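Residue numbering begins at 1 within each chain, and the chains themselves are lettered A, B, C and D in the order written.
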Amino acid sequence: MMRFNLSCELGYDLAGDADFLLNVAVVKNAYQRVSEEEFDVEPKVPTQEYVDPQSRSRYLRLHARAGKLNLRYQATVELEHFIADPAAIAEVPVADLPAETFQFLFPSRYCESDLLARMALREFGALPPGHSRVAAICDWVKGHVEYVGGTTTSQTSAYGTATQQVGVCRDFAHLTIAFCRALNIPARYATGYAYGLDPPSDFHAYVEAYLGNRWFTFDPNQMAPRTGVVRVGTGRDAADVSFATIFGPATMSEMKIAVDLAPASDIPRHGAEALANC
Amino acid sequence: MMRFNLSCELGYDLAGDADFLLNVAVVKNAYQRVSEEEFDVEPKVPTQEYVDPQSRSRYLRLHARAGKLNLRYQATVELEHFIADPAAIAEVPVADLPAETFQFLFPSRYCESDLLARMALREFGALPPGHSRVAAICDWVKGHVEYVGGTTTSQTSAYGTATQQVGVCRDFAHLTIAFCRALNIPARYATGYAYGLDPPSDFHAYVEAYLGNRWFTFDPNQMAPRTGVVRVGTGRDAADVSFATIFGPATMSEMKIAVDLAPASDIPRHGAEALANC
Amino acid sequence: MMRFNLSCELGYDLAGDADFLLNVAVVKNAYQRVSEEEFDVEPKVPTQEYVDPQSRSRYLRLHARAGKLNLRYQATVELEHFIADPAAIAEVPVADLPAETFQFLFPSRYCESDLLARMALREFGALPPGHSRVAAICDWVKGHVEYVGGTTTSQTSAYGTATQQVGVCRDFAHLTIAFCRALNIPARYATGYAYGLDPPSDFHAYVEAYLGNRWFTFDPNQMAPRTGVVRVGTGRDAADVSFATIFGPATMSEMKIAVDLAPASDIPRHGAEALANC
Amino acid sequence: MMRFNLSCELGYDLAGDADFLLNVAVVKNAYQRVSEEEFDVEPKVPTQEYVDPQSRSRYLRLHARAGKLNLRYQATVELEHFIADPAAIAEVPVADLPAETFQFLFPSRYCESDLLARMALREFGALPPGHSRVAAICDWVKGHVEYVGGTTTSQTSAYGTATQQVGVCRDFAHLTIAFCRALNIPARYATGYAYGLDPPSDFHAYVEAYLGNRWFTFDPNQMAPRTGVVRVGTGRDAADVSFATIFGPATMSEMKIAVDLAPASDIPRHGAEALANC
């Protein structure tokens, strides 16, 4: 079992009043047990939490006045993945997919699966279906896209990444998702706190694909062990789970993410197991 | 009160087995009362209905064998809109938006509100907020985009329509939605049976924007009276509410939509009232 | 030696006056000897010929009145390619390229070599330079892009084709050109009359790459023998050598291209030789 | 008459050998008389000049070894524009355009006039033709596009600028050119040394449109007086006249452009005259 002390510090300069919709708190479920948790806002303003009934992503909303705004979230989390043998995990025929997964078959802003359908079929259509096929997509993305920070923007989407072949974890995830959807595998975008991320960055972006009867985690980026990623948000793509959607004139002045092992934790390691944490 | 007899006939040739996810049945709620309804599939196969808990859109799923497939939906619907004075309907501050509306603020596959933010602000940012601002967006779209059948494809999105200024009702709706979202007004894509559509076409696409405390209908296309549109599906954009999402080798051989006045119905007329039917 | 009887018939309905810039006449040079040639316009209007000094492409300009317009070009052409051993043909270092070839290194409307640079380097960067590398690019394009008529439009460009992997000869050519330019190989778009085109279509689009000290022809589409293609226009991409650029309200009512063997001609065959005809 | 002392200093770090194609030297013609000129390269390498026969743009080519490379160009230039009354300058009917201008009617990499045709017609189609129409396009671009440094990249094109409405002088020029071409006005991209550029930047990008019987200069950006701009390069768009096209692993370490009034010069002023310098 893994135990992490997590924290996220965000600082903003507000030229006027602004509304924030934050997605920085970890999902609470049987696999992610939060033993301690704190969310501070400076100056103090009321906050309101919304838990999405499907994804259980937690959104914090607040309205802040012009001036400085500092946000700090910290938590201690016990993380235990559902672990399975990849060879035993099948794709689900469309006829048997739960209705809630439909939306994750459709194209979205940053995952234009409709435009990438032929490419997906050509590259992966003949592979045996199952967990291994999604893993093969991840390997392909890792092998074809170069990780270079600062080369892409918040407007970059899978369609561009397929051609331009450069990006960061967000782009790797979007392309993987688009390919999965093009093959009728429900896939969604996930963000989380990743232990041992190298290079250390901010929130990590990865992928969940619906296989067997649950959402399995995949990481086409492979820069951190999957067993060390604590899930925060899941959505159709990055548009849905930005750590901070801001409505108003705000400039970020600080961002600091820390993920440390808590006492008595196992150490996350890279591995090929099938993992799920919901 | 309006009363309509609706029908939709779809014919397909299947070169192999295929799964269908149909969104042709009308939403049932206090404003849309279905007195009779029938769904036939030829050859007979089991169908499964799923009602989206939020939108109440109804999806029919079925698995069909290679060969011919004919689908026929028909219904008699009483339609009564919630009617209000546009001048009395305000935009909702982000801080007060219901959490379920958040997703309709974010960009989606065919409504790239992130890319259209400056254009939206320049054109509509200074207008007084409220129902009239969304109506002004509709007028702008009507005035700047030419209706020409066959000029766009299922891959056309708001970003392209903003520049190329040509399209069909689907494109008018996507562009309107993108502008609304860029102004922090939740907006969603709606499809329906439209009485008096000129030119007669297939399902009509239009827009719902969240104002006051409900989803009001708007029609940038203005080719049919809004009071004569029976709602079928709502989603983030056309990707979510295709009348037929098909997984397998199917070719459409027939499509026929009919919307007739039933006895004792009022006659839908164009008007400037604020309307909602959910 | 090949001898062809060529013809091209074009019919238009003009709703008003229109200017035409036609690029249907074959290039005249030492490799393409025109023994007979005729250009008819009905109704009679004055025409003006312009020969581009670099490409020797021939443009016919005319101004036509509203009504019907019929154009007919026919020619008898002896075609003899410069033939060489592909293994003997090297790429030219940038430092030694003739200045006139520079423009064919730069990205153009339908050949976004800047956006495809990484893909080109990853796929072809490690191949030994020379005629064989361009041939390898052609094979890759043939292998990755599916030929399906009617799937692309006059707005489709190499960037889209790289991802969507479907198109016609025009699209095959654009993608090949973009890859060549990304590797610093000057490449240009060529149109011509192709003997034995299967399926028979209109003008054929192919590629010329500057290697050794001349422009060698390549055909990523491979639907007609290269020895049977009579060159008409060359330019940066399809924008430069449309068979008819029309300024005014014209609708095409007829298009007929014929390419027949003249007496005493050899029969064009597929082969792997390096070919040039300028 | 204007007299300027110009200079351009460029520094590069080369991780390996690289070829440079420089377009930093001013055009020499009757309107731009160069009294002194010097081009230094450190370390010394042979350079080769190529003057494009049509545009008279001057390209310097050199091959440099790994290590540091410093380039310095300086010149003293007398600049005298052809000046005319805008009201007297007509557009040229397509039938009368010189053949060399055709290529500037076609879409290019960064000026997708084909995609912007409807927008151009809607906005400018009804304006009286002539110099004033191109000036109106410039005003529209200035009014709709916000100047913000760092918002666009070398991949940004007119199509994007039309929608995203932000950019730098390069983007203003591309959009203006695309609109002109869509209206059948030949237009090309120009770069130059601009006196009094505010904010001071690097080379200035502006527009030349073919009207009357010559190329008139336009500046949609309006950040420097047109009478104080010394022409360097002209081409179909920025792809053709980059100040440095580099083939090899080079990183720019320095860029300094200076444009000073020489003794006895008039002072450039903003004005509405029609200007040409070729």
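By definition in this document, a contact is a pair of C-beta atoms (placed from the backbone, for glycine too) under 8 Å apart; a residue touches a chain by one contact, two chains touch by 3 or more.
Note that this is a predicted model, so its numbers are computed, not measured.
Asks: Shortest hop count from chain A to chain C along touching chains?
Replies: 1
Asks: Please report how many Å separate the Cα centroid of chain A from that of chain D, as a whole number.
Replies: Each chain's C-alpha centroid was found; their separation is 45 Å.
Asks: From the mean C-alpha coordinate of chain C to that of chain D, what's the distance rounded to whole Å?
Replies: The answer is 30 Å.
Asks: For chain B, which residues are shared contacts with two or more other chains?
Replies: Expected reply: 115.
Asks: When you check every pair of chains, which ones turn out to touch?
Replies: The complete list of chain pairs in contact reads A-B, A-C, B-D, C-D.
Asks: Taking the complex as given, what residues does chain D use to touch chain B?
Replies: Residues of chain D touching chain B: 115-116, 118-119, 122, 144, 146, 159, 162-166.
Asks: For a test of understanding, state which residues of chain B touch chain A in their complex under the given definition.
Replies: 19, 21, 50, 52, 59, 61, 63, 93-95, 99, 102-103, 105-109, 112, 114-115, 154-155, 184, 236, 239-240, 245, 247
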